[in-house]
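Chain IDs A, B, C, D and E follow the sequence of writing; residue 1 opens each chain.
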Amino acid sequence: MTHRSFLRRLLTGTVLAGTTLLAATNLSAQTRGGTAVIVIDSDPETLNAAITTGNAPGDIGAKLFEGLVWVDPDYKPQPSLATQWTVSQDQKTYTFTLRRGVKWHDGRDFSSADVKFTYDEALAKLHPRTQTTLRRLAPEIETPDANTVVFKLKETYAPFINIQTPFEAPMIPRHVYAGSDIKANTANEKPIGTGPFKFAEWNRGQAVRLVRNDAYWEAGKPYLDALVFQIIPQGPNRSTALETGEVDFLYQFYVSRPDVKRLADNNRIQAKRGSATPAVYFLMMNTARPALATKEARQALATAINRDLQVAQAMDGHARPGYGAFGDGFPWLVNADAAYAKKYPLDPSKAKALLDQAKVAPNTTLNLVFDPARPMFNAGGQIIRDNLRQVGLNVNLVPLERSVMIQKVFTERDFDLTLQSFSSSGDPSIGYHRIYLTNETRAQFLNASGYSNKAVDDLLGQAATAADQATRARLYREAQGILNEDVPTLVLYDEVGTDLASRKLNGLWKGVDGRDRWSEVWMTR
Amino acid sequence: MTGLALAPRNTLWSRLRRRPGATLAMAAIAISVLVAIAAPLLALRDPFSGSAASLLPPLSPGHPLGTDHLGRDLWSQLVYGARVSLAVGILAAASAVLIGTAIGAIAGYVGGVLDNALMRLAEFFQTLPRFVLAIVTIAFFGSSVLHVIIVIAILSWPQTARLVRAGVITLRSAAFVEAARLGGKSDTAIVVREILPNVIAPIVVTGSLDVAAAILLEAGLGFFGLGDPNLVSWGGMLNQAQQYLRQAWWMSVFPGLAITVVVLAFNLLGDALNDALNPRLRDAP
Amino acid sequence: MTEPLLDVRDLRVSLRRSGREVSVVDGVSLAIAPGEFVGLVGESGCGKSMTAFGLVNLFPTPAAHLAGGTVTFHGGRRLDGLPPAAMRRIRGAEIGMVFQDPNTYLDPLLPIGHQIAEALREHDFAGDVDARVLELLTLMEIPDPALAVRRFPHELSGGQRQRALIAAALAMNPKLLIADEPTTALDVTIQAAILDLLRRLRRQLGIGVLLITHDLGVIAETCDRVYVMYAGRIVESNTTASLFATPRHPYSQGLIKATLRPDRREALFSIPGQVPSPDSPPAGCRFHPRCPIAIAKCMGQSPELVSYDSGSVACHRAHDPAARTTWSASAA
Amino acid sequence: MNASVIAAHDLQHVFAMRTGLFARRPLYALDGVSLDLGRNETIALVGESGSGKTTLGRLLVGLQTPSRGQVTYRGQDLAALRGEAWRAFRRAAQVVFQDPAASLNPRRSVASAVATGLEGHLGLRGTALYTRVDELLENVGMPPAQYRDRLPHELSGGQRQRVAIARAIAVDPEVLIADEPVSALDVSVRAHILRLLQRLQHERGLACLLITHDLGVARAIADRVVVLYLGRIVEQGPAETLLDRPRHPYTRSLLDASPRPDPARAREPQAPRGEIPSAVNRPTGCHFHPRCPHAVDRCREETPNLRSFDDGRLAACHRAEEL
Amino acid sequence: MGPHELALLTLRRLVAAIPLVIGVVVVNFTLIQLAPGDPTTALIGDYPAPPGYVEQVRAEFGLDRPIPEQLGRYLWQVGHGNLGYSFAHRKDVGELILERLPATLRLMLTALAIAIVLGVGLGILAARRRDSPLDHGTRLFSMTGYSVPEFWLGQILILVFALGLDLLPSQGARSLRAPPEGFAAFLDGLRYLALPAFALSLRYIALISRITRASLLEVMNADYILASRARGARERTVLLAHALRNAAPPIVTAIAYDFGFVLAGSALIETVFGWPGIGRLLFESITRRDYPVMTAILLFVSLGVVLANLIADLFHAALDPRVRRP
């Protein structure tokens, strides 16, 4: 068992034990009332969570909108707008029974027509992530009655139920959006959902304010009277605001890492370590460049770069050193035999030898392109530069504004090395395959290393559609064997996030994602 | 007119020296320039060489000012950073002054439509939000020190141009200029040899203030992460320090102080020069 | 002379320059009787203006200050050493001042009526300020006073500006008017008109006037008595008629001889050399380096101001007949 | 009188003066002025400020171009001069300016000021230049060894003016315009400068135009006097007769107003009424009529022409004979 | 000054400003267009977009048109009061700016008011006691204020006053948890204003005090000051009626001239203090490549500068009769 999964069990166990205990001893401790202040970093581009994957809209949207299910910390789907569901034998037909008596914030009834509308018109066309999935699955949606929805998929897709969350598939009202341009609908600024909180006001640049939905379907919930999403653009200032009590909740995405230790030690603050969604940070190498064309050269870099230092200094310890091609965020698929720790322990003299072998001239200069808005890339770049100098390579740091970086790296492929991070989005097939699959499109956020290996493409293709976990694990292990040897991309670390909250808040982290399930949060006064 | 005349050097020097601020400022500038030149000698370690000993506080063994989040020696960074800050400040200001002087002299001397056009251009550049444009431009051209210098110079010349133009206009019909004209001097000779030496005072003053402004602007760009990460600069150090403000105040305080002191020195010098060169503010004749 | 309006004894004014004290007015004594029109003449740099400023202890530069002497004003009051607040109540109320350049001595941003009224308001004038301003403008012969009150300096001609300045100086009916080169910046025709005005005002109001000028022609046409000043000292004083008829001091003689006249063509004459800088005045008689009849004594010993007939002179050779026509030989 | 070196023919100089949002009104600095300046003579140009004296001087040396009329140098229109001819004229006409402090570059030495034209026009360099500069300084009574390297602020006003004169005569000009050369100087040293000008004029046969507001100065060295009022010549003639017996009431009022060092002269207040009007609002007819004690209706309506009189004088007054 | 004169003067200055403003729009637009990077990347997020999606978005916002055409369309729209549509905020730019404008005005005007009061006050003190310890002290203070990087100062202020002393809030413009009403809301607003307004004003205190001092010193040497004293005027009269009035034009000019820079400064300060104004919107739109918002804000800044200069001109005209003549 990896260190990390152990930690999660431990944490989950604690939280569960805690709630059970509370539930058993004193139910009335869950008091009504209070306003919680949650931090976001900038104005959301829209409040319609069905057409964006932005963090802020997701955060706010999770309180306004609901999916058919929510996912608990053990990745188990739990009933939300759907009370129950069945899966056909071939795993291609999903039937959901909808909750009765659910009303939209404007008082209209929620029905299966809303689900079909949301899928057909919003998610499949406008949701940046879900639409890619749906394009492959091409579901046919039937609504036999107001409370039943049937999805018929073209392909099997193991995580299908798990994407029915308020983040991946939030339900929006048909009666508001039908017949309009969904992207331009004014309801995107004054959203209507079914969730525990209702939209109240949006002061641009300052805050979005939600108030309790008194007509929420789950009686007695939510506990809080209001939620305020305060905008604080700068990381350290967000930490400060939590310390001074100006805000109550800091989602891991918005946490300034160097502050975590101090904040966690503060007895007015509680912390929860652990990421909802695995994500890897990596160094992609341009195999089209002569100096990086050979695997020996790339292995030399893997041997010369200090991944522990990256974790300690670039991430302030909030990461696990790179394990292999897919990190170790999905413990079931890791290939211990091919692990970086075994293959590429830090060894500058061996790296030099490998470089000689690859006929890379000493003092070759490599351009390292990155987005300077990400602090860990600034620091990481400096560390890599220092590491590679030890083995006789010069690194020229090229910080580029995000959109310019995208153009340089993904469109023009004008780089030697680049620092990037990809999120798994819950499954390696969604988020990680794109790092390695042969890619000729030059679209952004895909494999830009120029690496192309038919064997890898085949293995990953099978892994994406294989229905059972054991098969998938075997395919992934095999792929790792190849990829960890070829290292077109060196995974530097797996992110470990930490949510931070005021101790006044109780009942947090009921869902796998800290932004979810705020209907259960209550405030000590 | 005599207001624009620069008094002979010795008296300027003595007037400057009588101002306590000026002496301090010149000393501070001299020290920072020396530090920048002697950086390799003064630095204790390679400023880029990292170690696991990160975030050591000041007065740690081997690290008088402590280390940063990558375990690099702050003192060595500070010393090398002086090079970038001063080079950017001085070169940018010098370029701005050169451009401004040329444009101002041409506009003022030639007059007419050309003057109008050039001054509109100057006005135009002054209306543009400088810092914002600098950010956009640096983001576009990439953040190298040379680009920073060019951008600051291009955005800073109008002030000098206006002053030079005003001086040239006052002087172009001055009796001694007309005498030179009657004496058969060419226009270029008149501008360069008769007029410009007499408008040096405001040029020197704005030049000095421009250095201060350029250092601040560079620091601002660095703070926004638009500095050149392949060099150590004080602004860049502040940018890195942002994240560690609460953990390692020294990462922010030392470069912040360094910027303040050097900028202050150039501002004080400009102010003192202004006083010393402005005859209307002088003591009784 | 009965009780003088102003009696100045041994007035000294110094400048602080580069940490040194430089004496610019060095023991000047002069007196003005009530209603008397007295001239103070000399080249620029002789300390005429500094003498005038010293009288009211108000200097154009903070470097200048009184360094000694007594100033006794009307009713035996001592002005030297008076605290600033008391001195302020004298200035503008009992002693008015008019300056050289009417363009710069009027505040460009305020209507002239306001500036004239300032003198009244600051001295808590008891009567109707507006009426008094109109009265003054009428007295100064400024056309259309009711309109002129609201005019700004730039809307007036040079002559009218000077009249406005005089009006402000006379607003509180002072007993003494100090006029420092009041016509130098003006055209001759306007100069004549302003001088006419001053003469008339003296007759009408009976005020004493101290007129400072470098122009002997102006003195000749206006003053009762003259003081001739050279390098910070008075070298000669007399009634105007006597001074012009029989100047005793070589400097006075030279000044008169050097004055160009439009009515007859005379040989061009100028005094050689220049006024010494107050930083390093010559020893003995300060005029000796320029004086054609200087003797050894002149270089070593400073001559006292000695009275004779109606006047007094500071020259070692004042009683030497040769000294009456000092410049005849050197006239070129 | 010799043949003219520089002559003005019916010169008019007009500025556009802004008087409203879009309105401009003409300001007549000079209007119909003709003047001959011959070799070896000194003409004094007198008048109050605003009469156009300085403008006329600047037009004559080509520092400004007239709106109408022409200036001729040796019979050639200045406007037509180009290249060498223009440079020759530039060299031939030099100016001594009013304020000696302003006419010297505060940052350049006495020698370099005097050298201006020698370098610019004659192309002298090195020893030849130094020798010539020293000669010139000697000539204006400034021992070169003592003054050569001084800066203007180390000189007295009279000395500065001598340097300016040395600079002007350095290029052997034919015409010298002296614009109020002594008005900024002390009474006691004015004669020095005037005498110097007089001597140089005689020695070199210069055509000299002395611009002054001081009739005493005019009387001292001028051969002829020209009186300007509001941009027009009102009287012109030999210095002696003109100043002794002015024909124009304006000349008379100027004379009356000039102070003289003579307390015996019982001068009754005779200052002309009012002040010189603005050149934007010139009175009709004879411009002087509002201030003239002798004005009649005709003066208000009809502009008097400049008429010759048998004593060699010209005057522009309808009543010149009667008065 | 009559209303007629005032109107004429205003009109003339406005007419003169038109080409300037158009020039600013054109250059801003061109510069931003020249800059690499694609605004659609902000819209698409961190995930590979499906094929054709980028093109679709680009077409939708007219980004596929030639730049001159985009400029022409933009100018036409701006001329009609339409500032475009923000990709990042999915909102009309005009509305977006108008929503943010009050906060910025509140911050800037407060900072400006502090700067004017303190700056002019310190400037007078320093000038009145020239070369005294007070003068040197004031100048050193103002000079230091002028030299400290404001973003750094902002963070130090937060550290000291919000964290260290727990006196003032560090973020935002008003209490969000329980918004107060009436006078309490005003006080609440002041508490939030204090730190950012001070941080923003420090530079301008320095600037204004320096100019006030220099201008006063120059004016105090003027002849009319001497004349006023010779008239027996009290020092208070000399200072208020003559000296300050005559010293005002350069001070006003400097304030107007720096108006544009105050906004640039507020972009930094608003970011540090989480102030919901235009400055931060600008900063955010730069990082998001939100072209329409950037061009619109740059236009606003330029208009602000033009307006500030106009006000300064009118102030001059009110003060100085010589300027009043058109």
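Quick notes on this structure:
Rule of thumb we're sticking to: a residue touches a chain if its C-beta (ideal position, glycine included) is under 8 Å from a C-beta of that chain, and two chains touch if they have at least 3 such contacts.
Quick caveat: nothing in here was measured; it's all calculated off a predicted structure.
In terms of the stated touch criterion, the partners common to chain B and chain C are D, E, listed by label. Counting only chains that touch, the fewest steps needed to get from chain A to chain E is 1. Ranking all chains by how far their C-alpha centres lie from the centre of chain C, first place goes to A. In whole angstrom, the spacing between the mean C-alpha positions of chain B and chain E is 23. For the pair chain A and chain D, the distance between C-alpha centroids works out to 90 Å.
The mean-CA centres of chain A and chain C are about 91 angstrom from one another, to the nearest whole unit. Note: centroid distance chain C to chain D, computed from Cα atoms, is 31 Å. Chain contacts: chain B has residues 139-140, 242, 245-246 touching two or more partner chains. Listed for chain E are residues 36-37, 155, 163, 221, each touching two or more other chains.
Residue positions 234, 236, 240, 373, 401, 404 of chain A each touch two or more of the other chains. Residues of chain B touching chain A in their complex: 48-50, 52, 54, 69-71, 139-140, 142-143, 225-226, 229-230, 239-240, 242-247.
The part of chain C that touches chain D in the complex is made up of residues 43-44, 157-160, 187-193, 195-196, 199, 214-221, 240-241, 244, 254-256, 258-266, 268-271, 274-275, 332. Against chain A, the residues of chain E that register as touching in their complex are 36-39, 41-51, 87-91, 96, 99-100, 103, 155, 158, 162-163, 166, 169-174, 176-178, 271-277, 280-281, 283-284, 287, 289.
Listing the residues of chain B that touch chain D in their complex gives 1-2, 5-6, 8, 174-176, 178-186, 189, 194, 197-198. Against chain B, the residues of chain E that register as touching in their complex are 19-20, 23-24, 27-28, 31-32, 34-37, 136, 139-140, 143-144, 146-149, 151-152, 155-156, 159, 163, 210, 214, 217-218, 221, 257, 260-261, 263-265, 267-268, 282, 286, 294, 298, 301-302, 305-306.
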